[in-house]
Structure formats: structure tokens, C-alpha cells
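Look at the two complexes coming up: chain A is in both, with chain B in one and chain C in the other.
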Partner chain A sequence: MLFTSYSFILFLCVLISLYYLIPKRLQWKLLLLGSFVFYFFSGWSNLLYILATIVSTYFIGLKIDELNRKQADYLKENKEKLTKEEKKLYKEKIKAKQWSWLLACLFFNLGILAVVKYTNFAIANINSVLSIFRMTELSFVNIILPMGISFYTFKTMGYIIDVYRGKYEPERNIGKLALFVSFFPQLVQGPISRYDDLAQTLYQEHSFEPKTFSFGFQRVLWGYFKKLVIADRIVAAVLTITRNPEKYDGIYVLVGMVFYAIQLYADFTGGIDITIGVSQMLGIEVKENFIRPYFSKSIEEYWRRWHITMGTWFRDYIFYPLSVCKPMLNLSRFSRNHFGDKIGKRIPVYTATLVVWFTTGIWHGSSWNFIVWGLLNGIIILISQELQPLYEKFHQKVKIGDTFGFRLFRIGRTFLLMSSLRILDCYRDVGISFKMFFSMFAKPDLKPLIDGSLLKLGLDMADYIVLIAGVILLVSFSLIQRKGSVREMLSAKPAVLRYSIYIVLFFTVLVFGAYGIGFDSNQFIYNQF
Partner chain B sequence: MEELLRILEELHPEIDFNTHEHLIDDKILDSFDIVTLIAEINDEFDVSIPAHEIVPENFNSAKALYSLIERLKDED
Partner chain C sequence: MKKKKIISFVIVILVISVLTVLLQKLLMPKYMTQIVEGALTKEYYYEKNKDHDVIFIGDCEVYENFSPITLWEEYGITSYIRGGAQQLVWHSYYLLEDTLKYEKPDVVVFSVLAMMYNEPQREAYNRMNIDGMPLSLTKLRMAKASMMPEEDLITYAFPLLRFHSRWKELSGEDFRYWFKRDQISHNGYLMRVDVKPVGRLPSPRLLDDYMFGDKAYEYLDKITELCKKNGIELVLIKAPSLYPHWYEEWDQQMVDYAEKNGLLYINMLDDLDEIGLDFEKDTYDAGLHLNLSGAEKASKYFGRILQSRFNIPDKRNDEKLKAIWQEKADYYYKMEQEQYEELEKYGYLLKFNMKRNEENNIKP
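And then the complex of A and B:
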């Protein structure tokens, strides 16, 4: 069931009506039922995967907590008898048992993710080696990737690691944990919420608040506008360019790159707007996943503002644990002693950064394109880190200051850099991606921009007018947003103006949305991750 | 505390770590700084700061960081 389908709208109407009609203590149960119904419609076999994750995480969470309690009781009972050393040894023994349970949970759940997502990728790589030796190749397996598995697995693994770390106690009600894992607005493409951020608001009783509901509805409408009017329209040109690299190279690659940046932004942030808006209509607060990322002045800043919950997940559960673990610190010490301070200090940061970006790449998709894309992001971040002293020296000598023009230059540079990296998302393999990138410089012919060729990419003049107006609206919205909530500002305006804007937006989505047959438009890009 | 201030000043000589109380919130210390800092603390104070202690409250000021080191030493 896609967000952009009639069945979803119908599902939402029924669910929200019931939600505010039934006794409030039953609201979270209704959400759980609704989430399972939503997931069931994406394929009943998918339910087995998510149930396996819920059940395993639930019991292992309880087991880890049981060991905590056992330790507390034992230490209390033997407070006088045990020496400090004995207490320490006992704690270490318990921690080791908890570690084993945590590992079991991680192996089981990440194992499921690995099998369903990467088996065919592994087979393809094995086959390319086998073909060198002219050996019989392995056949591919027929596995359907359960919807949202990368998102809910990461969400759940964050939960179990936090329980292990003692950040909070495990959820004792399996139904409530199941709701946290399967909350339907987040199933499709995140955000990857943390249990301590979401649980409270998810299980609370919610009264109907007209203002919150209306804000949620406006956000949903805005999401549909981005997805249906912009993303699903511009996708035609993106596909024409990227699926025919032999025909569309040179300046077309730049056009495709910029169009894809618009498509991805409208698609992903539009989807998240729908997620956050639907949650808000239910009275549930979900953390933001984007802060106007295309206004970033550097790649590091971009990654702090784009898909925030994924970035912080990788930082908290991979980057930090890996870079401050004992073996890494020992390696750092060893390198400092043997290769000097400069190199030694960099070892943990460099290693952890590359591991994180490799994982980020492969999380996005099981292909070399994504792995190379991830690693390139990491490498550029490291290079810009290394060049920092040089930038500072340059700025000391050349007084540019924080002028509007310089800020604009930095924003444009970051946008182009990130868009160039995303070429790897679009083409069928790494080789073609690089070839297309370099063709922009090898064939700098600007004629297609003015000779009407752009009208042969699957978009006509009317489409371009809608797109230009849409993009102007997106940029203006972001600019206004810097001063505060646009919806708050709107709510202060006279009712006639306010409702006119809502109605215009509603009809814009209806009239200008790029609908497919039966209003089942394109799948969200992040659904596939 | 002096030793900790020395390590911090080596990372960012332009900051007055005696008075600054929003090192994370103001984005003065980034994740790279934090990792370098933890490695140095490990060497100088023989204390390992686990990943789950890397939260803004523990790294927002030199004072908070010093309290964390003291607490971890006691737990040892």
C-alpha cells in the first residue's frame, strides 16, 4: 500500500476516524492493528520477517534486563562479603553474558537483512569471479525484499543496543514494542526513530486537537505536492537521460544530475512530510529528518541536515563505538609510537569514517554503485577535514568575509558536489557513471539547453512551467522557514487568505499531480532501500 | 583539569575552554574532535570513555568532561 494510492487514503480516513472515536486507552492497540493491516497489504509474507524481528528483540531485551536485575540483587545481598575486585569480576561476567545476547540479536536480525538484501549481490560477484575461470555460474535466488526492512531493522537494533547500554529499560509489553517497530507511517522510508524519542508519544492517549490535526493535514498536503507535482513529473526526464547514456551525455548529464537532485529531494522529503503529517494528525510527534539540506555550505553540513536520523544512527551505533573501542585505541597508540602523532591520531577517525560510509553505501542498495558512492562521500569528508587548515590560512590572507555572495558560492558548490556523487545512484554501473561524469567536461556543448531538445525528454512545456513554479515554491518555502514555522505564520493570517491557500494547494495536487493509472504513482525512492 | 585543558586547547586554540559551556551545541567539537579527544584522554588519564557516554551533556564543557573522567575513574 503506497502513500500515494487510493487505498492508503481510504485506510487513513477509516483509521483516523476510529482513532478518535474509540476509548483513548485503546488508541495504541488500534495503531498496532492498523500498522499490521498496512504491512499485510505490502505482502503477507513480509509480516513473518517483521514478526521475527519483533519477537527476537523483545525476548532478548528482557533477557538483558533480567541479567541486570540478577546482578543488582546479587551485589545487594553480598554487599558486605565481596571485595571491590570480586564485585568488578562479577559485573564483567554479567556484562559478557549480556554481550552474547546482544550479539545473538544483532546477528539474527542483521542476518535476515543481509540474506534478503544482499544474497543476489553476493551471487553476482561470485559469478563474475567464476566467469573468469569459465566455471558454472550460480543461479540467482528469488527473494522479495520486505518493505521497509532496512528502516525497521535499524530502528530495532538501535533499541536493543540502548537496552544493552542501560540507556532505558526494555519494553515489557510485546504489543507496544511491536507498535514501535511497525508504526505504519514510518515503515516505508523512516525516519529511523529512537525508542526514547518515540515511545512516550506513541503510547500516550491523544485527544483530538483541531490545530495539531490541521497542521498535520497541511504537512501531508505539502508532502503530496512535492511527491506528485514535482518528483513524479520530473522523473520522466531523469529516466530518459539516465537509461540512455549512449544518447544523452555531455550537458544532458548535468541536466539529469540537477533534475535528479530535485526529484530526490521532493520524493524523500515529500514522503517524510506525509509521515510526520500523518503522525501529527494522530497526535504523535516524530522527529524531523531534514533541515533544508540544499542550503548546506559544506558536505559535512549537508550530512547533518539530510536524512538526519540515518546519519545520527550511523554515528552513535557504528562510528563512535568503532573509533573508541579498545582495539582501535591500541591501534592508534601503536601508530602514534611508530608513525608519529599526526598519523596515529588519524587512524581511528579514518578507519571508522570509511567503515561508516561503506555501510551507508551498502545500506542504500546492494550494488557497487552505492558502495562507491558511500566511500566517495567518506573520502571527500576526510579530504575537506585535512584541507581545513589550508582554508583557514587562505581566509586569513584573503579577506572574503561571510558575505552573501560567498555563502551562495559555497551552497552552489556543495549542491553540485553532492549532485555529482549522486550520478552513481542513477546509472546502471560504476563505469558508465564515471564515463557520464567525465563526458560533461569532454562534450561541453550547451546547444541542447536552448534548441528545444529538453522538450524531447518526456516533459512538455506545460510540465516545465509546473516544475519551475513548483521549485520556486519549494525554495521560497525553505527561505521563509528559516524564520520559523510556515504553518504558524499562516495560522496568524486572516481565515479567508489561509483557506484560499489550502484550497489552492489541494487543487494543485489534484490537478497538477503526475498520476499513474488508478492513482498509483511511482514508488518512493527510499521504499527500495 | 590542567591536563584536560591542554588537550582541548591543542584541538582548538581559539576557544577559551575555561568558560565555554556549549562546545557540542555550538558545533565547536565535531565527531572527529571527540574521537581524537577520547584517544588522548585514554592515554593521559588511563580512562576509556565508552561510546554511550558520548552525549552532549558530557562534552559541552571542559568541566563536564572532567566530571565524566572522574566518574569513570571511580567506577573502575
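And then the complex of A and C:
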């Protein structure tokens, strides 16, 4: 069930009506049922995968907690009998058992993710090697990637690691845990919520609050505007350019790059707007996932503002544990001893950073394109960190202040840099991606921008007018947003103006949205991640 | 405060509803030129006097080949053609079901050519046959039975969801016919006076299977049942169009079906001489459809059968009906006159040749 399908709108109307009509204590149960119905419609076999994840995480969570209790009881009972050393040994024994359970949970669930997502990628790579030796190649397997598996797997892994770390107690009601994992607005493309952020608001009883509901509805409408009016319209040109690299190189690559940046932003943030808006209509608060990322002045800042919940997940559950794990500490010691302090302290940080970006890349998709994309992100971040002192020196000498023009330059530079990296997202392999990137410099012919060639990319003049108007609206919205919540500002305006804006937005989506026959309404780009 | 909020909410809903209706009317295709058959379904609901002796259902073989005005003038039979472009058997069934909500004719005539189709053919034909109907369960059931895989049922309840993207192609015609339409048919008959003689007909290709499909039979059974239930005589008819080819195997199936169900089946292709059709003069597209002169000949022939077999009384002396039909006939002859004048002036009919109009810079 796609967010942009009529069945989703119908599903939402029924669910929200029931949600506020039934006794409040049943609300979370209705949400659980609704989430399973939602998931069922994306393919009943998907349910098996998510159930396996829920059940395994639930029982292992309880098991870890049981070991905690056992330890506490044992230590209490034998407080006087045991020596300090014996207590430490016992604790280590329990921790080792908990560690084993945690590993079992991670292996099982990440194993499912790996099998469904990466089997064919692995086969393709094995086949490349086999073909060198002219050996019989392996057949690909037919596995359908369950919707949102990367998102819910990461959610549950975050949960079980936190339980292991003792950050909070495990959820004892399997239904409630199931709701946390399968909460339908987040199933499609995140955000990757943390249990301690989401759980309470999810299970609370919610009364109908007109203002909250209206704010949620406005956000949903805004999300549909981004997705249907902008993302699903511009995709035609993006696909024309990127699927025909032999025809569209040079300046077209730049056009495709910028168009894809617009598409991805409108698509992903639009989807998140719908997620957060729907949750808000249900009285549930979900964390923000974007803070105007295209206004970032550096790549580091960009990653703090884009897909925030994914970035923090990788930071908390991969980067930090990796940085302080035993092998890394050994590496650190070894590096310092052999290469000196300056280089030695960098090696573990670099290694952890590159591992994180490698994982981020492969999380985004099972292809070398994403792996290279991830690693390039990491390398650029490291280089910019290294060059920071140089920049500072240069700035002191040239005396460039923090002027509007310079800020704009930095924003433009970051936008183009990130857009260049995303070329790897668009073309079929790494080689073509690089070839297309360099063709921008090798064939700097600007004629297609003015000779009407852009009208042959699947968009006509009317589409461009809608897109330009849409992008201007997006940018204006973001600029206003810097001063505070746009919805709060609107709510202070006279009712006639306010409602006129809502009605215009509603009809803009209805009429100018690229949906229905004649438009292949695209799945949200992040659905498959 | 609460009251004020409720009033605001009601006003917003009202404004949205009104704007939705206005936009829907603007953005839906008007079918006033070129593909005028798209306007046929809707036109029936504008008909003031919905009380006919005979209702025709079917595809172009009814709305191009029979003239209700001729049936009235020659036999005093009142009739209406509920035809539509490539109207499939299930379309015909549901259109008949809907028609019976307004009137109960003595005879229903079903054009059997549609039996050759067992699956929905094109979304465009579905829209032309269904969109003109007022919203009802019948309409939704018809849409459900007709939809292509890429279609959504909700777009038949709210066609704006289907036609929203027409904002790009809005023309003067859309604004001119935003709230009112021209009458394009004569009780469902689409008039063409131009002539294109039959040349060489393509040879009929061999088929793998000559049996009509299950779905086609299922809905023919439903039509038969519906007519029986309402005490209506059902006549199966193969109109005298030369193409698409009507195979003997198909004809035999209809003969058998009619016999089994006690129905009258007429294959007019068997009586071309008796009808008096001359395919050098009586067709406007080389044998696919009859022109006005052909349709009048076919109607005279068929009216005779209707009157003799079903004792449909001659109502030409009914003063009220006489006045109604006189008005219809006046419009009929006026259009005929205008079409002949156009033919003489331009050499073709403007309404049906928009491309040539553009080439010749003519705005009809």
C-alpha cells in the first residue's frame, strides 16, 4: 500500500475515524491491527519477515533482562559470601551470556536482511570471478525485498542493543513491541525511531485535539505536494537522462544531477512529512528527520541535517562502539607506536569513519554504486577535516568574513558536491557514473539549455512552469521556516486567509499532482532501503 | 468559539465541494468534436421524455446504423439508442439496468457484435461509456466489470482524479461546454451524411477459437434474464456493417443462443438486398458504418419487423408525442441540411475532421 495510493487514503480515513471513536485504552491495539493490515497489503509474505524480527527481538530482550535480574538476585543473595573478584567474574559470565544473546539476535535479524537484500549482489560478484575462470555461473534467486525491512531491522537492532546496554528495560508486552516495530507511517521509509523516543507517545491514550490534528493534516498535504507535484513530475526527466547515458552526457548530466537532487529531496522529505503528519493526526510525536539540508554549508553539516535518524543510528550503534572496541584500541596503540601520535591517533578514527560510510552505502542499496558513494562521502568528510586548518589560514589571510555572498557560495558548493556524489545513485554502474561525471567537463556545450532540448526529456513547458513554481515555493517555505514553525505562523493569520491557503494547496495537489493513468506514480525512493 | 469553528469547517467543506464540482466539469472531456460518441451516454439523461417503445443497446453498430427519427416517421415507434463507442456486453447490461430505472420499453435490441470481446479493451472506451452516467451502484458495478488493470474504481466516482492532468490541454471547447453541451445525437443516433464507398475489404483472418468467451456469455445471459424479469422482448441483431467480419461460426452461436432462449435473432447481413443497401452510397467509411441514407434504409427494414413481430402500436396520432417528435425531427433535418452544406463548402464534415480543420485553418 503506497502512501500515494487511493487505498491508503481510504485506509487512513477509516483508521483515524475508528481511532478517535473507540475507547482510548484500545487505541494502541487498533494501531497495531492497522499496521499489520497496512503491511499485509504490501504482500502477505512480508508479514512473516517482520513477525520473525518482532518475536526474536522480544524474546531475546526478555532473556537479556532475565540475566540481569538473575545477576542482581544472585549478587544480593551472596553479597556477604562472594569476594570482589568472584563478583566481577560472575558479572563477566553474565555479560558474556547476554552478549551471546545479543549476537544471536543481531545475526538472526541482520542475517534476514542480508539474505533478502544482498544475496543477488553476492551472486553477481561471485559470478564475475567465476566468469574470469570460465566456470559455470550461479543462478540468481528470486527474493522480493520486504517493504521497509532496512528501517524496521535497524529500529529493532537499536532497541536490543539499548536493552543490552541497560538503557531501558525491555518491553514486556509483545503487542506493544510489535507496534513499535511495525508502526505503519514509519514502515515505508522511516524515520528510524528509538524505542525510548517513540514508545510512550505510541502507547499513550490520545484525545482528539483539533489543533494537533489540523497541523498533522497540513503537514500531510504539504508532503503530498512535494511528492506528487514535484518529485513524481521531475522524475520523467531524471529517468530520460540517466537511462540513456550514451545520448545524454555533458551538460545533460549537470541537469540530471540537479533534477535528481530536487526529486530526492521532494520525494524523501515529502514522504517523511506524510509520516510525521499522519502520526500527528493520531496524536503521536515522531522525531524530525531533516532540517533544511540543502542550506548546509559543508558536507558534515549536510549529514547532520539529512536523514538525521539514520546518521545518529550509525553514530550510536556503529561508530562509537567500533571506536572503543578492543581491536580498535589495539590498532590505536599499534599505530601510535609505529607512526607517532599525529598519524597514530588518526588511523582508528579514519578506519571507524570509513567502516561507517561503507555500511551506510551498502545499507542504501546492494550495488557497488552505493558502496562507492558511501566511501566517497567518508573520504570527502575526512579530507575536509584535514584541510580545515588550511581553510582557516586562508580565510585569515584573504579576510573573507561570514558574508551573505560567502555563505551562499558555501551552500551552492555543498549542494553541487552532494549532487555530484549522487550521480552514483542514478547510473547503472560505477564506471558509467564516473564517465558521465567527467563528461560534464569534457563536453561543456551549453546549447541544450537554451535550444529547446530540455523540452524533449519527458517534460513540457507547462511541467517546467509547475516545477519552477513548486521549487520557488519549497525554497520560500524553508526560508520562512528558519524563523519558526510555518504552521504556527499561519494559525495566527485571519481564518479566511488561512483556509484559502489550505484550499489552494489541496487543489494544487489534486490538479497538478502527477498521479493516476498517464503518470507512473513512483514508489518512494527510500521504500526499498 | 466552538460554534464558530464548526461553521468555518462547514464553509470550508462547502467551498471544497463546489470547487471540486466546478473543476471536474471543466477538466472532463466534453466530446463535442471529433470523438463525439463520448457524449452519447450522458445525453440520454438530458432526454425529457424517457418513455420509449424500443431501446437499443450496443456499440457503433447501433448508434451509427439505426435512426429513431425514421422509426417514428415510418412506424410511429418511439425509440432511443443507448449506444457507446466499443460498448462491450457488460457495458450494455449495466446501461440497460440503469435505463430500466427510468423507463420500461417493450423491446430491447442488443447488437451482438460485442460478443467477440471477452475482456475490457481500452480505458478510453470505458470512460466514454461510463463517465456520462450519474453516480450510482450500477455505474460502479459497471466500472468494476470493465476496468483495465491500471484503472482505479474511485476515478469513476470522482472523475477529477482521472482527468486532473487535462489542465495542460484545456481548450476553448472545454470552457464553451463547461456548463452546457450541444445535442450531438438524435435519440442516440449519430448522423453522418458523407459518403465513402466500400473499396476492397480486408480478407477475414482465421481465428484460433471461434467460441465467444465466458464473460461475454455471462453478461448476455444477464441481459436476457433482466429482460425476462421485466417482461421485455429481447431482440439480438447483427447490423448490416461489412467490417469487422461476422464469421459464420459466430452467427451460428447466436442462432443457437436465440433458439435456446426463445429470442428473435436477425442477421441483417443476410438481407442486404431486401434492405436496399448500396455500399457505394450508404456508408461513410467504406463499410464499417452506414451513413444517413443507409441508416434510414436499415431503420425502415427493422421497423417493419418490430411492428409486425411485437405489435408495437403506431403512436403518430398521439398529440403530445407528435409535438415532441416533430421538434426532434426538425433538429434532425436541420443537422442533415447543415452537414450537406458543409460537405458542399469544405468537402468534408468539420466536426469529425479536426486535423483537416487545423491544416485548413478552420475553426468550426
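In this section, the second predicted complex is superposed on the first by the 526 of 529 C-alpha atoms of A that agree within 3 Å, B and C clash if a C-alpha of one lies under 4 Å from a C-alpha of the other, contacts with A are read in each partner's own complex, and residues count from 1 in each chain.
Basically, a residue touches a chain if its C-beta (ideal position, glycine included) is under 8 Å from a C-beta of that chain, and two chains touch if they have at least 3 such contacts.
A quick note: this is a predicted structure, and the numbers were derived from the prediction, not measured.
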item: Overlay on chain A: chain C relative to chain B, clash or fit; value: fit
item: Chain B versus chain C as contact partner of A:Ile503, first or second or both or neither; value: second
item: Touching partner for A:Asp316 - first (chain B), second (chain C), both, neither; value: first
item: Contacts of A:Ser332 with chain B and chain C, given as first, second, both or neither; value: first
item: Touched partner set for A:Ala442, first chain B, second chain C, both or neither; value: neither
item: First, second, both or neither for A:Leu21, with chain B first and chain C second; value: neither
item: Smallest separation in angstrom, by C-alpha atoms, between chain B and chain C in the superposition; value: 42
item: Touch list for chain A against partner chain C, complex; value: 6, 210, 460, 462, 495, 499, 502-503, 506-507, 510-519
item: Residue ranges of chain C in contact with chain A within the complex; value: 5, 8, 11-12, 15-16, 19-20, 23, 27, 123, 150-152, 154-155, 160-162, 164-165, 167-168
item: Contacting residues of chain A [partner chain B, same complex]; value: 162, 165-167, 300, 315-316, 319-321, 323-326, 329, 332-333, 345, 348-349, 352, 385
item: Touching residues on chain B, where the partner in the complex is chain A; value: 30-32, 34-36, 38-39, 42-43, 48-52, 54
